[in-house]
Amino acid sequence: MPDAERVERAMKSFVKDFGRTAAIYMESCIHCGMCAEACHFYEVTQDPKYTPIWKLEPFKQAYKREYGPFAVVYRALNLKPKVTVERLQQWQQLIYDSCTVCGRCSLMCPMGIDIAALVSQARHGMYAAGLIPHELWAVTERARLEGSPLGATPKVFKDRLEWLADDHEVEIPVDKGDADVLCTMSSIEIMKYPDSVVATARIMNHLGVNWTFRLDGYEATNFGLLAGNSAAQKQLTLKLIEAAVSCRAKTVILPECGHAYTALRWMGANMYGEPLPFKVQHIAEFLAEQARAGRLKLKKLDKSVTFHDPCQVVRRGGAIEAPREVLKALGVELREMYPTRGTNWCCGGGGGVVANHRADELRYKTFKIKMEQIEDTGAEMPVTTCANCRQTFDDGQAHFKWDVKMHSLLELVADHLVEDDA
Amino acid sequence: MSSITVGDFLRSRGVTRRDFLRFCTATTVALGLPATMTPRVAAALEQARRPSVIWLPFQECTGCTESITRAHGATLESLIFEAISLDYQHTLQAAAGDAAERVREQAMKDNWGRYLLIVDGSIPTGNPGYSTIAGHDNLSMLREAADGAAAIVALGSCAAFGGIPGAQPDPTGAVSVADVIKDKPIVNVSGCPPIPVVITAVLTQYVTFGTLPELDALGRPKAFYGQTIHDRCYRRPFYERGQFADSFDDEGARLGWCLYKLGCRGPTTYNACATVKWNNGTSFPIEAGHGCIGCAEPGFWDNGGFYRPLSTGNWGSARTVGAAIGVGAALGVASAALARKRQRDAEGA
Amino acid sequence: MTLLEFARGPGLQWSITIFIVGVLWRLLGIFLLRTKKDLSEPRNPATWKGLRLIALRSWPRREFLGGTAFGEVMGYAFHIGFLLTLFFYVPHVLFFADVSRGLIGTDLQGLTGFAWPTLPNGIVTLLAAISIAALVAVLIHRIVNPVKRLISNFDDYFSWFVTVTPLVTGLAAFAHFAGWPYERLLAYHLLSVELLLVWFPFGKLMHAFTIFAARGATGLIFERRGASL
């Protein structure tokens, strides 16, 4: 793509994204630099270029020149020069390699700017200009065309479900025409952590829920969102929605995934153009609800546990206490790490970063924060409720030869179900 | 110039040596000169010839004359007027009409190049008929008199800066002496009216040393106009502590608090009122409970209402603010509309 | 026309006019932009409660305090000193009362019988000095700290300049600095305020208004999701 065209596409995409909220944010930054103090990438490198709001510099520049109240003056007097393709190229690394859209910066900003949301928006323009890490582009295309970013196509998924049902002697309904609950999975689980698929089935059956998987809508991850391809994002989201409508589901359950929650729970209705005709829950929320109602019969997990908060589920998504309620139901000794809940540190692999191998070295540096946090609690096992975090922890564990393994909340629940074999 | 000396003249009037020396000391100090200079002042004055002084009154109210010549008992200031040969002064002279004019012309001719010219009142530059003396308009009379003067004292704010006649709408086109005369030394003794001792000190210096005192940027003697009223005001501690009278005769006013809120121009007015005071050191406006109106400053009459505090300005009006709101709102709506259109175009394309 | 006459007359009128025009232009130009309705089901329906973020963000969470305490403390020292000086120093109060009388025909005392309180001049002097010290400290920090140095631009430095100058010239006028002519010092002070007013709508000083909008917007969005505030 010629450079001029790249810039034009980026600018047009930026303009499409600017709205009142983004404009308020762009106008509000006072260059205090405090957002850097919240960002794990800055924390471990002390490199000022990782300052969160700096990641938005070309976006801000474009806003002031193309869309802000004084845009006409900025253009006439060239007070903000046109964004160049070189600048956008430079910024690619900042927007994709060193941002997990974790939102810690948004929590810090004294002006209340949601910097993370702006990064997501900026990615649209970068995608339009073709300036995104190759892996992200590739997996998005795969997801769009094949139905899964990691090759878990409907055929592969169907086959897996069959042998998982067989191997683990668990019933897994597929493509029911009428179900109360539509369950979804992430490709990470389907391909790497299939025990999570089994766990989901076990729990649903234990609860006696009328549930199903649908081959026309099972992939909860949304690389369109992560890469900045809004068309793909919408396409992937609509698949899930249409599948839910097709089986008249009252609830759609999202798996242990972070951005999947953001994509459907908070962005889904806006993609759909109307309120969703069903409830959306993260699996942890669902489990907490069941535990509260006394329907989840669990054996005690007699261990000391610390919980890693997946950013999109907890800080950004609002399901802060749900995982803890489930841990309580499991009877663990919960030792919160510091900081925890909303201010917990990101695993470093979200937002597409773990798929972007150019960012590996940087990500490993940030992983040290998590290792230290967990070791400081002295807990026997860390638990989380996001497969991408889990994947990041596994990769970090291998890299540092760490002797601590991350566990899945979902799998722990399934492993501790009290089954009455009557 | 009179043939007898100032010393002789004073002695002939029964002024004792002691009184004379007291006058010299007071005047030396008032001029800001070291007290050790008193004997020099006394010696010089003693031997000085009584200089000729011509006083031209233009668009004036005679207030300056009233102030200068007001004698409450035998004041030392009035002595100097006996020491000079005041050859022309409308209020004090006995002669009138042609006789008076002839005296003036003769004095000017006899002392050409050496007489001191005192001017009070402003000079009209509009229709010359606005102010005339014996059929002569002020402007030409001033030019003619200035030609033969050794120096000019512009007495009062009118002569110094244009004063009240020059206030808006300035119907006569009133100007100061300095606006007309450019080639003679001019001392601006401003004030409405000025303080008596200031004029006598200037005259004394001239009579004694033949020089004019050091002047500030506005041509006023630094010795008397070098500090603001504010800096020498006895109510300053109240200003510092933030204790102000809110209205005339209220609690604060009766306690003698600062009059800033009532419009006092003390901070921006340079004069000696706070130290020398008026009526032989009796009092001055602030002490009497009214704020300074800044009468020694140019344009004091047009400097905002006398009762509006200095800190208020001509910030505009409800109308100008309303207009600004209208324009700002229009620009805001326009820029938002433009941005929205750009967005629609970007989405459509 | 002397410098003071200009400063108190046309200078003041034009700067106030430009201030009003600029602020409205910028605020309306932002608030009238398109916004999309959020169709997602809120976790907390009383989303208006999110406006409490406006107050909450006034101090960082404990976990963030480490690297930010300096900036926060200096920021408050400056703002509090500046605002107290601006609104409680007698000549300033008189100025605002005059504006009020010009706009609505009366002032606070006329409306309520209560006079706007004032602080003694000595206290105001101290507050102004503290403000200036805080401003100098943050400027040094901005130049020395790598993060701030990278992200700072003309706006940051110029806004600093137009903010510190009224404080400095105000103190100088009050103290009759070096015996300079008072009207000149007063004129400089008024002109520096006018420069501040003229620059205000176009730089980051607008955060005085946008802080409520930005914190409010985020508060509403986050409260809807139950996200961490």
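Going in written order, the chains are labelled A, B and C, and every chain counts its residues from 1.
Note that in this section a contact is a pair of C-beta atoms (placed from the backbone, for glycine too) under 8 Å apart; a residue touches a chain by one contact, two chains touch by 3 or more.
Since we're looking at a predicted model, the values are computed, not measured.
Here the largest set of C-beta contact pairs joins the chains A-C.
Core chain by CA centroid proximity to the global CA centroid: C.
Look at the CA centroids: the one farthest from the centroid of chain B belongs to A. One simple way to say how far apart two chains are is to compare their mean CA positions; for chain A and chain C this gives 39 Å. The mean-CA centres of chain B and chain C are about 42 angstrom from one another, to the nearest whole unit.
Here the spacing of chain A and chain B, counted between their Cα centres, is 81 Å. Residues of chain A found to touch two or more other chains are 18-19, 67-70. Residue positions of chain C touching 2 or more other chains, listed in rising order: 25-26, 28-34. Of all residues in chain B, those touching 2 or more other chains are 331-332, 335-336, 339, 343, listed in ascending order. Interface residues of chain C, counted against chain B in their complex, comprise 2, 4-5, 7-10, 12-13, 16-17, 20-34, 90-92, 94-95, 98-99, 102-104, 115, 118-122, 176, 181-183, 186, 190.
The touching residues of chain B, when paired with chain C in their complex, are 217, 228, 230-231, 239-242, 244, 246, 260-261, 267-268, 298-299, 303-304, 308-318, 320-321, 323-325, 327-329, 331-333, 335-337, 339-340, 343.
Residues 331-332, 335-336, 338-339, 342-343, 346-347, 349 of chain B are the ones that touch chain A when the two sit in their complex. Residue ranges on chain A touching chain B, taken from their complex, read 12-13, 15-16, 18-19, 66-72.
Considering their complex, residues 18-21, 23-25, 27-34, 36-38, 42, 46, 48-49, 51, 53-54, 57, 67-70, 103, 106-114, 265-270, 272-276, 279-280, 314-320, 338-339, 341-343 of chain A touch chain C.
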